[in-house]
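Both complexes shown next keep chain A, but they swap its partner, so chain B is in the first and chain C is in the second.
Now for the complex of A and B:
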């Protein structure tokens, strides 16, 4: 049997020591992460489990006792015309908000990127609508759009644009459009700030070179701005869609999902089912379905639109 | 020198050990009662706090505290609090809220207590009836509210219009009062409680106040109800175009700024006095118009009450002491006038209490308040009529199905007959087990 050499002995001790250190580091890392993981488990995982469990029962009112009914609530949800209508409304809501907010945000970001006197003030000013509490936003817009004393109708009538007040919440289509525009007004500054940050990271040299080559403004936008902003747009698209889908407060406070259900999106329907119709378990089933839909959307979005996927293809 | 500080030090140590426990011990000797109510406006909260402070001072062994809530959330918050074991001892209620908590096993029956109170402060029977079913009484009536037709006398006179009492007169008046700058009548059409209330007023006026048969099945779908919805839809053409998004505040504002010639509201006195001209001589109030030939017209009325949620003997006794104190005439009137001209008495001696009639605003609008009280004597509430109480009404009310049915007509363009039929179906679904 050969005796180990000195180097081998030292190396062994070093390897042993390094392994022990790595294990300790790992444990320390887990120790630091543990509080957050526990917090997330308590605030997300546990409610999710409870929600799924609740969705399999027939509980009506919070605090009352139910019994297990299997997937009955899911069957009811898929068969429910209200659920299908709300799902459709949510789809329209998300697309419309995305379109309006993106246009407004791009316009605002492009303007704010320019150098002009008061630029800094404008950049601060633009986010005011985003920081104003939702309740205040609702009160402001309800007052502005009122048909009996509202400023907007006062101006429309007195300038002769219309001959009588417009009912911005009087019909389903008008109400939905009004809520979309109000919500977009509230959230586009957030998107504008993100886009502005992205625009500022695009080297000016690219535009200068393109200008030398005779590129039009549209060509610059298409071939320089958009590709450069792809990572930003990806994040905005993913997070913005998820956030937009889950908007409840603006809709509920403005229209309560009306008139006649025209602005009832899935979050509004879930709330109404749980706390107005006293069908808590049915609402839980709807919320689980909604969660699955959003997960599928997120997975598909990441899979097919991720910038990394484009890089891999290149 | 050192010996001088030793006694002081000992004294301080003893004080440090004893004194902190005194407040805690004193608090432990007090019975604490938490009151949840939904009277959020600042003036109401302040008045309630004033009364609580007086009660607490007069009853050092009891400490009542208030926690204002709001109607938008209480239907969910209360059951959740009960489930979590955090329910208050006292909770204000309206009749269709009580069955929900009763079904959770959260309420203490109070018929014996109500009988005791009634012996000293006779209740108007209708206010107790709204809370009496399943062989028990589930809340103590505190204050009444009923809808009225409000108008400006000068506006009607200028248009040559008489105060309407029948539907035909009402339609004619609304049309005559509608100009480029004014709507004849302001009516809500949103899916909310306010629309429920006004819709039910028209149902009463059509002779359709009963939505249940005696056996508890629904009879919402009937010709009289259809007539009520048809009438409401006709009136809406003289109401602001954004009525489908109205709550109480919009109607009050419309009346205050003279855009609406007539509105149906519990009261407009406060806003009229503070945000409009405040001319008491010009403010008119009338019963809700009804279809000619209806023998028993009236208006919707809510007997607001307080529910007892604790079964702890000491807390229960303390809570009852507070309620008894509140109903004493010298206190009761001031309680009602947390919103002068809105909350009406539910007891006979309350209706004559000096503390009620001495409020400056009540003095100023005495005639209007008197008319309101008279109108309230013909008050009724759907699901709680003709001596019957149907607790399942809670589900119908919570979903605002009267209002939803109206939207089928006013928004979706359905015929009143089809809409009412669908409304019946929606109600049947709502109350199914």
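Now for the complex of A and C:
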């Protein structure tokens, strides 16, 4: 009989220890995740149930008792031109923001990827507009775009681009364009930082090989950069859609949804219906409809981002 | 040689344009906030202030309710930060370091709450807070802000926990360290940059939140900075000097915090999206 090797001894001890360890893991795992789950259940799940319940009643002011009216609020929402207009505006808002932000973010990420003195600082501080309160962003741009004394109008008039100051918030289309650009200004650095991380993961050899083959800059972008960034762009698109859909404060504080409803997106309409016109149940019904539409995006989002796709976790 | 020069020129120019686009607006509010009122509203804007005054800041701190707003914002942000850090760190440790049945499902649930549009909660949240008699209280804001920041904080922590080798924990366990001992002595120090990042994230989320604060807070005494400043914008005659000083002073705390953990913060931010 030979002596037990060191390895076998350690291995034996290890397996019994592992069984105990795994049983404990399950218990501890639940115990650790539970507090957050309870918190979210109380602040999201419960309010959602309240919302659906509220949407089937005719409650106006908070605290007053309503009676059940079935799907009346839903019918009314779909028949209301305001709701349809807001739905359309939300669609335009999300698409336009995605377009402008992606273009700007691509440009910024390409610049930040270069080597230059101070680029590490630039990569961090570029997202300043994202960490600052919206209300500050709003103050900045109202100040810059003001029709009298605003620096943007001053520059536009003095360089002869326009002959008289532009009223950035005075007509419907102009106001909508202004809020879209201001919101994009705020968010594009966030996207740029994410795109930059994606760009840095593309192996430099791919570009070098392409250069040897005499590929043009456009061909490199089309056949190397874009395909490699596809997953990142997809995630950005999904998160961007949900987050920019949700944006309310920029619009509300800049235009209040006007002029005459031109910048009223669904969140603005819901806020207005509930807290300016005091029709809680009506607003709840709009929220539920909006939620169902967004659920489709959210479903795609979690499907794509779950850790299952990760081989290390298998 | 010529092409290299052209490349550098183009690069320098594009960096300049990008920096102007991102930073110039901030410079503009700061530099205007120290100008005399007549220079602020003058028809010819001055890029470098010709006058210097602290009168807007004196007014902001002495006569306006700004200090009250600031205090409320700090209370809410610190409360949000503390609760978010505890809840998210626990959950993230459970989700990313432990193996147990159902963890993928739980991860998905947390992710969906992050993607969940907060505006849908506006009406029911008000209803709920009014039932709990929490309308017009800072507690209500802390509750909402934790919900808004915790799911993303969990997601950000993933990037930090992932880099810590599993063998480290196993080795410590073999040496007889308790589970709690492992977490406190090994995991937390290694995940410290991540925890600091989510703390700042929670603070910033709370600092910038406007919608819920605007409906859940009624009295002037309980207003937070964003709602307070928005109130000044809403006045018939805008006092630009005061407002610009307010905007600058509101930006300052975020600048300070962000300069402490900026790099880790940005890394955590991107790691979730780019695997």
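A few comments on the model shown:
Methods note: the second predicted complex is superposed on the first by the 267 of 314 C-alpha atoms of A that agree within 3 Å, B and C clash if a C-alpha of one lies under 4 Å from a C-alpha of the other, contacts with A are read in each partner's own complex, and residues count from 1 in each chain.
Rule of thumb we're sticking to: contacts are C-beta pairs under 8 Å (C-beta built on N, C-alpha and C of every residue); 3 or more make two chains touch, one makes a residue touch a chain.
It should be emphasised that the depicted structure is a prediction, and the values quoted were computed from it without experimental measurement.
With chain A as the common reference, chain B cannot sit beside chain C without a clash. Of the two partner chains placed around the shared chain by superposition, chain B is the only one that A:165 touches, whereas chain C remains out of contact.
Of the two partner chains, chain B is the only one touched by A:175; chain C is not.
Shared-chain residue A:276: touches chain B; no touch with chain C. Applying the stated contact rule after C-alpha superposition, one finds that A:255 touches chain B and leaves chain C untouched. Touch counts on chain A: comparing chain C and chain B, the chain ahead is C. Look at A:198: by the touch rule set out above, it reaches chain C but stays clear of chain B.
In the superposition on chain A, A:149 makes contact with both chain B and chain C. Looking at the shared chain after the overlay, A:61 reaches chain B, while chain C stays out of its contact range. Stretch 61-69 of chain B is the one among 7-15, 25-33, 61-69 or 277-285 that clashes with chain C after the shared chain A is superposed.
When both complexes are aligned on chain A by C-alpha atoms, chain A residues 62-63, 142, 148-149, 274-275 touch chain B in the first and chain C in the second. Residue ranges of chain A in contact with chain C, taken from their complex: 14, 17, 21-22, 24-26, 28-33, 35-37, 39-40, 43-44, 46-48, 50-51, 54, 62-63, 107-108, 111-112, 114, 116, 120, 122-129, 131-136, 138-144, 148-149, 151, 154, 185, 189-190, 193-194, 196-198, 201, 231-232, 235-236, 238-239, 242, 245-246, 248-249, 253, 266-267, 270-271, 274-275, 280, 283-284, 287-288, 290-291, 294, 297-298, 301-302, 305-310. Looking at the complex, you find that chain A touches chain B at residues 61-64, 142, 145-149, 164-172, 175, 254-260, 262, 272, 274-278.
Every residue of chain C that touches chain A in the complex is listed here, in rising order: 11-12, 14-15, 18-19, 21-23, 25-26, 28-29, 32, 40-45, 86-88, 90-91, 93-95, 98-101, 103-104, 106-113, 115-128, 130, 143-144, 146-147, 150-151, 154, 173-174, 179, 204, 207-208, 210-211, 215, 225-226, 229-230, 233, 240, 243-244, 246-247, 250-251, 254-255, 258, 262-263, 265-266, 269-271, 273-275. The residues of chain B lying in touch with chain A in their complex are 75-76, 79-80, 82-83, 100, 103-104, 180, 183, 186, 189-192, 240-245, 250, 253-254, 257, 259-260, 395, 398-400, 404, 407-408, 411-412, 430.
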